[in-house]
Amino acid sequence: MKTKQEYIDSLKELDPEIYFMGERINDVVNNAHFKPHINSAAETYKVAFNPETKELGTAISHLTGKRINRFTHIHQSNDDLIKKVKLLRYLGQKTGTCFQRCVGFDALNAVNSVTYEMDEKLGTNYFERFTNYLKYVQENDLMVGGAMTDAKGDRSKRPSEQNNPDAFVRIVDENKDGIIVRGAKAHHTGLVNSHEMLIMPTVNMKEADKDYSVSFAIPVDTDGVKHIFGRQTNDMRRKEDGDMDTGNAKYGIVGGEALTIFDDVFVPWERVFMCREYEFSGMLVYRFATYHRQNYGACKTGVSDVIIGASASAAEYNGVEKASHIQDKLAEMLHLTETLYTGSIACSAEGIELPSGQYFADPLMANVVKHNITRFIYEIYRISHDIAGGYIATIPSEKDFKHKEIGKYLEKYMQGISEVPAEDRMRIGRLIENMTGGTAQVEAMHGAGSPMAQRITYLRSGNLEFKKELARKLAGIKNNEKD
Amino acid sequence: MKTKQEYIDSLKELDPEIYFMGERINDVVNNAHFKPHINSAAETYKVAFNPETKELGTAISHLTGKRINRFTHIHQSNDDLIKKVKLLRYLGQKTGTCFQRCVGFDALNAVNSVTYEMDEKLGTNYFERFTNYLKYVQENDLMVGGAMTDAKGDRSKRPSEQNNPDAFVRIVDENKDGIIVRGAKAHHTGLVNSHEMLIMPTVNMKEADKDYSVSFAIPVDTDGVKHIFGRQTNDMRRKEDGDMDTGNAKYGIVGGEALTIFDDVFVPWERVFMCREYEFSGMLVYRFATYHRQNYGACKTGVSDVIIGASASAAEYNGVEKASHIQDKLAEMLHLTETLYTGSIACSAEGIELPSGQYFADPLMANVVKHNITRFIYEIYRISHDIAGGYIATIPSEKDFKHKEIGKYLEKYMQGISEVPAEDRMRIGRLIENMTGGTAQVEAMHGAGSPMAQRITYLRSGNLEFKKELARKLAGIKNNEKD
Amino acid sequence: MKTKQEYIDSLKELDPEIYFMGERINDVVNNAHFKPHINSAAETYKVAFNPETKELGTAISHLTGKRINRFTHIHQSNDDLIKKVKLLRYLGQKTGTCFQRCVGFDALNAVNSVTYEMDEKLGTNYFERFTNYLKYVQENDLMVGGAMTDAKGDRSKRPSEQNNPDAFVRIVDENKDGIIVRGAKAHHTGLVNSHEMLIMPTVNMKEADKDYSVSFAIPVDTDGVKHIFGRQTNDMRRKEDGDMDTGNAKYGIVGGEALTIFDDVFVPWERVFMCREYEFSGMLVYRFATYHRQNYGACKTGVSDVIIGASASAAEYNGVEKASHIQDKLAEMLHLTETLYTGSIACSAEGIELPSGQYFADPLMANVVKHNITRFIYEIYRISHDIAGGYIATIPSEKDFKHKEIGKYLEKYMQGISEVPAEDRMRIGRLIENMTGGTAQVEAMHGAGSPMAQRITYLRSGNLEFKKELARKLAGIKNNEKD
Amino acid sequence: MKTKQEYIDSLKELDPEIYFMGERINDVVNNAHFKPHINSAAETYKVAFNPETKELGTAISHLTGKRINRFTHIHQSNDDLIKKVKLLRYLGQKTGTCFQRCVGFDALNAVNSVTYEMDEKLGTNYFERFTNYLKYVQENDLMVGGAMTDAKGDRSKRPSEQNNPDAFVRIVDENKDGIIVRGAKAHHTGLVNSHEMLIMPTVNMKEADKDYSVSFAIPVDTDGVKHIFGRQTNDMRRKEDGDMDTGNAKYGIVGGEALTIFDDVFVPWERVFMCREYEFSGMLVYRFATYHRQNYGACKTGVSDVIIGASASAAEYNGVEKASHIQDKLAEMLHLTETLYTGSIACSAEGIELPSGQYFADPLMANVVKHNITRFIYEIYRISHDIAGGYIATIPSEKDFKHKEIGKYLEKYMQGISEVPAEDRMRIGRLIENMTGGTAQVEAMHGAGSPMAQRITYLRSGNLEFKKELARKLAGIKNNEKD
C-alpha cells in the first residue's frame, strides 16, 4: 500500500494533458488549484496507516489475501459495505470535502460484478481481464478515476440518434490489438490526481447504440486523452496569498471535476471490459449508480458534521449558542444528517450477494439515500446560513484584515464575544461560506444521478401491484379477498 | 405458543373492568368496538404458525431454549433486532393498522435490561424476579400491555411538585407482601385485549420523586384497576350494519387506547421490578423509548404500503393511474416510506450489546426514525388525499348504497372506470378516508414520545463539541490545529 | 334581507328529496346531522344585521341600489373583492367551519360575467335572463348552492367519450318551455340547507361535448332532483347526547356535501344560462374556479385562527404554553396562516374589471392561494397535533366523563394545570381532534380544484417565454441582446 | 431628476475612502468590482426616463409638487406602496440582481415618519431638519445608502453592556455645531456608489443605551468615514478577461456590501435626526424593517423570474424542456415566486396611514413576505439546479472555450441540442451558477432581518389571546361562552 507521500510522489511520474483557465498544466502536484484536491485524496492513503483508522481504511484482498487499501477492495460481506460507509464518513469529517476516490472504488466493484455475469451468460472472458486489472490496481494501490456521464448532447435522444455521433463515447474502430474510442466524459471527479481511469457507459443501450456500449480502463496520460478542468465556486481565491478566504485551505471544497476528451484513443484488449454488449450496459449503469448512491449518506454526513460544528462555533462566537432557537436549529441539522446516515447504513446492512460473490447495496434504499441528499443538504446549508448570521456573506478580505492601517478596524469590529478574536470568527464564517454555496450544492443534487433517476427506480422497484392487492384485501374488495 | 384462536379464547377467561361510552363492557371478545383490535392483535399469534412467517414470528428463548413467539423474546443479536423490524412491517401490511403487541414486547426488553443493571449496581434482586415473570409470559405466550405515560397534570412540574399527587402513578403504601399503587396511565394501547400489563415510570426522576419510581406487572383484571377506553375517529361506524363505512372492517384503524386507573391496587413483591430506585427511572424510560421508536419505521411503513396501494388503486379506478403527476406522487410516497424503513433497519444493524447480553437499537438512529414519522406520515396521508381525489370525503353511506330506491344512482354515479364497480371505488375511498385522518395522525405524532423528546436526544447525543473541533481545524483556527 | 331566523324558517317551506344513512330526511331543520350546517350558514345572514359586521356583510346592489346581503352581490370594485375576503375570514373565525354560502356567491358572479360575454359575442340573451334571476335572489336573500363537479366516471375521458353518457350532467331533451337534464353533481356544498342551486359545467368542452355545456338554476326541491348527503368524519357523534364529543357542537366541521342527482329534470328557459355554447364552458369553469380559489386564504385562515387559539389553549392547559418550542410552533402556525391570507388579499387588490363591469380576482394569485392551502392546512393541523399532545386522540367519551362512578376519575386524571377543570381540557382536545382530521383535510386539498388544476394554470399563465428572454439577455446570449 | 449617465458622472465628484482586497480604491466608477453594482443602481435612474416605466419610476413630491425619482419619495397612498412593489419587480427582472437603492428609500420613509412622531411627542424639531434634508435629496436625486446593522459584538448583550463600547455606533461627544460618532455599520449595501448615507440604530434601546440611539445623514466621503468592501462569491472573476464566467457580467450578483467605520466623525446638527431619544429607537427599527421586508417579494421575485427563465432555457438547450417532470418543477418555481409576490402586494394594499400622513405597509404581512423569502428562495435555487443539470457546476473557463487548440472540443462537447451553440448553453449555466449560490442565498436569509426577527413579530402581533377566546367559545367552554 502507498503512503500519503508515496501517492503524491507517484503523481509526478505521470504526464496527463490537463488544461485549466486556458493553460496547459504541467506540474499537477504544485498547482495551487489542484493541491487541495490532492491533499484530500491523499487522506484516503493515510487512513490505511493510521492505527485508529486502519481497520476501516484497509481490507484483505479476496484475490491475493494481502492487506490492501479498502478503496481498491471488492466488498465481500455486508460488513464490508458498512465499513465503507464508516470510512467515508470519517474522511468527510476529516477533509470537509470530497476525497474523490470512491468513484473509482465503485466503478471497480460495478465492473467486477458485471463482467462476471457477462461471461456467465455470453461466454466472454471479460472477468479474467478485469481480475488482472484489479490485481494491478490493488498491488500498486492506484487511484482510479471512474467516469460514466457522457457529453450527452440532446438529452431527449438516444446515443445513436444524436446529431453529434460523438456525444456519447463510442468505439470508432478496432483492430487485433484493441479498440479506438472517441467522445468525452463529463464531471470526471478527481481525475487530475488519479493514476488510472475506468470508463463505463452512462445509459441503458439498445442494439442501435451498441458502439456506445463500451467499458475500459487506461492511464490518465494515455495518448489522445485531454482533460479540461472545470471551474468551481471561488476557485480564484486559491491563488491569493494567505489561507483565510478559501475557507478550507488545506482540502478545498468539492471534488475537482474535469471534462475528459477521447480524441481517437487506443485501448488494448486487455483493458477492454465491455465491447458492444449493449444488453449489459443498463446493468452496469445500475450497479455503479447503486454503489455510488450508497455513499452519499456517508461522505456527505461527514461533511455535514463539519458544517454543524462550524454553525455551532459561529453561534458561540456570536454569543448566542445557547439561545433556544439556535439549539433547535442545531437539533434539526443533526436530525437531517443522521437521517441521511441511516440510509447508507441500512442499504449496506441489507445488501445482497451477487453471482460474483461480492456484496451489493440494497438498490431501493441506496436510492433513498441519494434522493434525500438532494433535499436535506440544501436544507442543512440553509440552516447553517440562518445560524451563522449575515456576516458570512460580507466578510472583508484577508488582505484587508492584515492591512497595516485598516486591519485594526476589522480586529475591532468583526469580533463577536470578547473571548474569541475576530480572526477566528472570520475564519469560521469563511468556512461556512465556502462549504455551503454553489458547486457543493449542485454536486449534492446531481452527483451519482439526478433526482429523476431515483424516482424512476422507485416506480420500478416499488412493487405497486403488491401494495394495491394489500389495500384491496383490507378494503373488502371481494374478487381480491383470498384469505 | 398460542394459536390465534387460543389467544381469543383466553381473553374470555379474564374479567377486566372496562368502560366505554358510559357502559361497563363485560364481553370484550364480542364487543363491536374491540373486535377489530382483537383481530389485529391475533395476527401476532398467527404469524408464529404460518410457514412463510414463522422465521420472523418466532424465536428461541434464551431462557428455556424453546421456540417462543417473538413478541415475548429478549433480543439476542442485531439479527433479532432486524427481524423485529421485518416482522412489524409484515404485520402492518397485513392489518393496515396497529397490532398493539410491540408495546409489551419493548417493555419486556427494557425492564429486562434495566433490572439487570440495577442489580449489578445496587445488589437488588429485581432481575431474578423479572426473569421468572418473563418465563411465565413466554410459556403462556401472553399479550402484555406496556404503559409508561402518566396522567401528568401540569406538564411544567415534576411528579412531586404536582397539586394532584396522583398525577403520576406512585407507591402509596407497602407491606411485607407487596406495594399499593395509585394513579393512572394514559394511552394504554391494546390493553382491553391483553392478559397482563407492565408498568414503567414516564420521566427521569429525582430523589423527591422516588415514590413515583415504580415498575411492576399485573394481570389486567387485578382488583382496583379500571380501564376507560378512549374514542377514535369514526368509532361509531363499527356499530352500524355492513362493513363498508369503517374502511378496514376487519382490523380497524389505530391501536385502541385506554386510560388505566390504579385505585389503590396491590402488587405482590414478585411482580415489582423497580421500587423507588429513582436514579434508574431515566434509564428505563430511555431504554423503552429507544426500543419503541425503533418500530415506527417498521409497522408504519407496512401501513404506508397499504395506503400507497390504496392510493394507486383509487387512481386506477379514477382512470388516471398512469398520469405523470400521479406517478410522481406515488414515487414520492414510496420515497418517504422507504426513508422511514431505512431508519428502522439502520438502528437495528448498528444496535449494541447491553450488560445483560441483550441487544439494543442505536438510540440516535431510533430517534431519527420516530422524528421522521412525525413529518412523513402526515405527508404520506396528504399525498394519498391528493391522489385519491375529493370523493373520499363525501362518499354516501353503505345504507344509501344498498337502499332499494337510491342505491342504483350510487352504482351509476359513484363509478370511475367502467371495468370496476362503484362499490370497489367506494370501498377504496373509505379505506383511505379511515386510515389517513384523525387518530392515526396523532398516534404517529405522539406515540413513543413527542417530537420534542427526540430533539432533546439529538442535542444530548449529537456530540456538538467534537463537531466544533472538526470545523475549527479545517478553518485553520490556530489554537485548535493539532494535526 | 333575511334575518338568521327568517332564513331558518324559510327552509321549512321547501321540500327537497334528501337521503342520508338510508333514510329520506323530511325535517331538514331539526335533523341532528344538518343542524350545525344550518347554524353555520345562518351566520351569513346574521352578519348583515350585526352593527359591527354590517359593512362587510352587506353591499349596495348595482341592479336595484338597495342594500343587500353581500353573498348575493356582484363585485363592483377591488374593495368589494377585499371585503369578501375579510367577511369570509370573520365568518371562519366565528364558526370554525365552512358556512357554505360562498359557492353560490361565486357561481352568481361567474355566471353573471360569462353570460354577459356570451351575449356580446353570440347575440344571445342569457345575461338578461340571469339578471332577472339575480334580482330574484337578491330581493329574497336566497341561499344558492353552486355545483360544478360532475360524477365524471373515467377521469381520462371527455364527457362525450364516457361509457356512461350521464357521467356528466347533460341536456337529454328540450322543448318550447325548457330543457330536460340528466346526470349528477358531486360535493354539492350546503345544498341541504339552500333554497336554490346554480349548475355549471365542470370542464372545458369541445363540440362533441356540447350537450354537456349547460348552466341553469332551479329550486332545490324541483321534481326529479334527489340529494344524497355524504358522510363526514365522526358524523355519528352528532346523534349522541351531550355536546362535548363533536368538538364544535354548534357549527360542526366542514361543509356538508351532497351528491345531487338529476333524474330527467325539467328546467324552464328563463332559468337556462348556457345551452350548448361549449366554447364558453372553459371560461365559466375558469371564472368560477378563480372566484372560489380567492376564498381559501380567507375562510380557511379564519378557521386556522380558531385552531391556533385551540392549540395555544391546549398548551396553556397542559402547563407548557410559554415553553420556547411551543412558542416557536405557534409562530409557525401564525406564519402559515398569514401567508395564506396575503394570497387572498393580493388577488383581490390586483383584481381586474371584466367586460360586464364587475371585478374579478387576479387568476394567477388566486391559484397561488389555493395551492398553498393544499399544503399549509395540513401543516397547520400537524402542528396543532404536536402542540396539543397525544391526549387528543384518546379522550374518553362525554358519557364516561358524566358517568356517576367513573366520571370522578376523569375529572382527576384528565386535568392539566389545576386552574382549569378537566372538562375544559377535554373540550379543547375534542375541538382540535374534530377540526383537524379527515374530511376537513380533504376539503382543503380538493375544494375549488385539485392541486394539479393550479399547476396547469401556472404553466399557462407563467409567461415562461418572457422569462427566458430576460435570462438570455443577462447571460449575454448574443442573438437576444437588444439593449 | 438625474439620468443614468448623470448619476454615474456624479459619483466621480465624490472621494470616499474605500478599501477592497487590501487596496485603497480611488476610481470607483472604473473599478471592475464596483462597475456591475453601479450599472445596476443606474437602472433606478433610467426607469424615471423610460416612457414605459416612468409611471412606476417617478412620483410627485408631496413637498414640492415636482416630479421626482420614486426612490426619493415618501409614500402618499396604498397605490404608492403597490407601485414600489411593481417597480422593484421590474428592476429585479431587468438586472437580475440587487439595485441597492431601496435601502435608502426605506430609510427615508422610516426616518420621516419617526421624526414626525418624535416631534409630536417630545416637542423636538427633527422633522423640520429631516424635511430639509429630504428636499435636498429629492432635488438632487441622490442615491442614499441606508445603514442599520451595527458591528454588534456579543449578540447576547445590549449596546451598553458590551466589552467593546463601540460595538454599536454611538455618540462620543457633542458641541454646539453637532455630534461626534464612533462605531461601525455592517452590510452597507450600495454604499460605494451612493452619494449619501442615512444611519439608524439597530435595536430597541433602553435608557442605559441612550448614547447609541442616534440617527443622522452624511455624505459618503465625510472625514473619518472608511468603507471596507466585503467579498462576494466568485468576486475575482470580474477581473478576468471576457464576460462569460461571471454569469451576469453587466449587473453582477447581489448588492455589494461594505463595512462602514466611523472613526470619530463629526455630524452637524442639521443632519442629526435622533439624538439619545432611546424610546423611539425601537419604532425606527420597526418602521425601517417593515418597509424593507415589504420589498422582498418584489425585487426577489423579479430576480426569480430571471432564474425561472434561465432554468427553462437550460432545459430547452438540454432537450428536455417539455418533459413532464421539468414542467412540474417549473410550475413549482412559478408557484413559489408568485406566493412571494402576493405577500408584497398584500402588505401594500393593506398598508395604513401614519400620523405623518405617509403610508406604511402592513407589518404582519410584510414579515410574512420576508420569512417566506428565507425558505422559498433556497427552494427556487435548489429547483433551478435540479432542472439545469450538473453541468452548471463543472463548466470549463471562458479562456478554455476560446483557447485555439482545445476550444473546439468544448464547442463540440458542451453543446446540448444542435440548434443552440455550446456557448449559449455555457452562458445560461454560468448565469444560474452565479445567481443561485453563496452570497445571494445568505442575503435572502438575513437581509432586512433574520428569520428569528420575523417570528418575534408574529408572536407579538399574532393576537393569541383573541384566538384562544374564539376556540374556547366554539369548544363550549362555559365561562367563555358569551354569545
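For clarity, chains are labelled A, B, C and D in written order, and residue numbers in each chain start from 1.
Throughout what follows, a contact is a pair of C-beta atoms (placed from the backbone, for glycine too) under 8 Å apart; a residue touches a chain by one contact, two chains touch by 3 or more.
The structure displayed is predicted, hence computed values, not measured ones.
Centroid analysis (C-alpha atoms only) places B farthest from chain D.
For A-D, the equivalent interface among the listed pairs B-D, B-C or C-D is B-C, as over half of the contact pairs agree by residue number. Inter-chain spacing, taken between the CA centroids of chain A and chain C, is 51 Å.
Our note on geometry: chain A versus chain B, Cα centroid distance of 39 Å, whole angstroms. Multi-chain contact residues of chain D (touching two or more other chains): 325, 328, 455. On the side of chain D, the complex with chain C involves touching residues 82, 93-96, 243-244, 247-251, 305-310, 312-313, 316, 327-328, 330-332, 334-335, 338-339, 341-343, 345-350, 364-365, 368-369, 371-372, 424, 427-428, 430-431, 454-455, 458-459, 462, 464, 466-472, 474-477.
Of all the residues in chain D, the ones that touch chain A in their complex are 19-23, 149, 151-157, 163-164, 166-167, 183-184, 186-187, 226, 228-234, 236-237, 240, 245, 254, 257-259, 261, 263, 318-320, 323, 325, 374-375, 378-379, 381-382, 385-386, 389-397, 399-400, 402-403, 406, 409-410, 412-418, 433, 436-439, 441-443, 445-447, 450-452, 455.
Within the complex formed with chain B, the chain D residues making contact are 324-325, 328.
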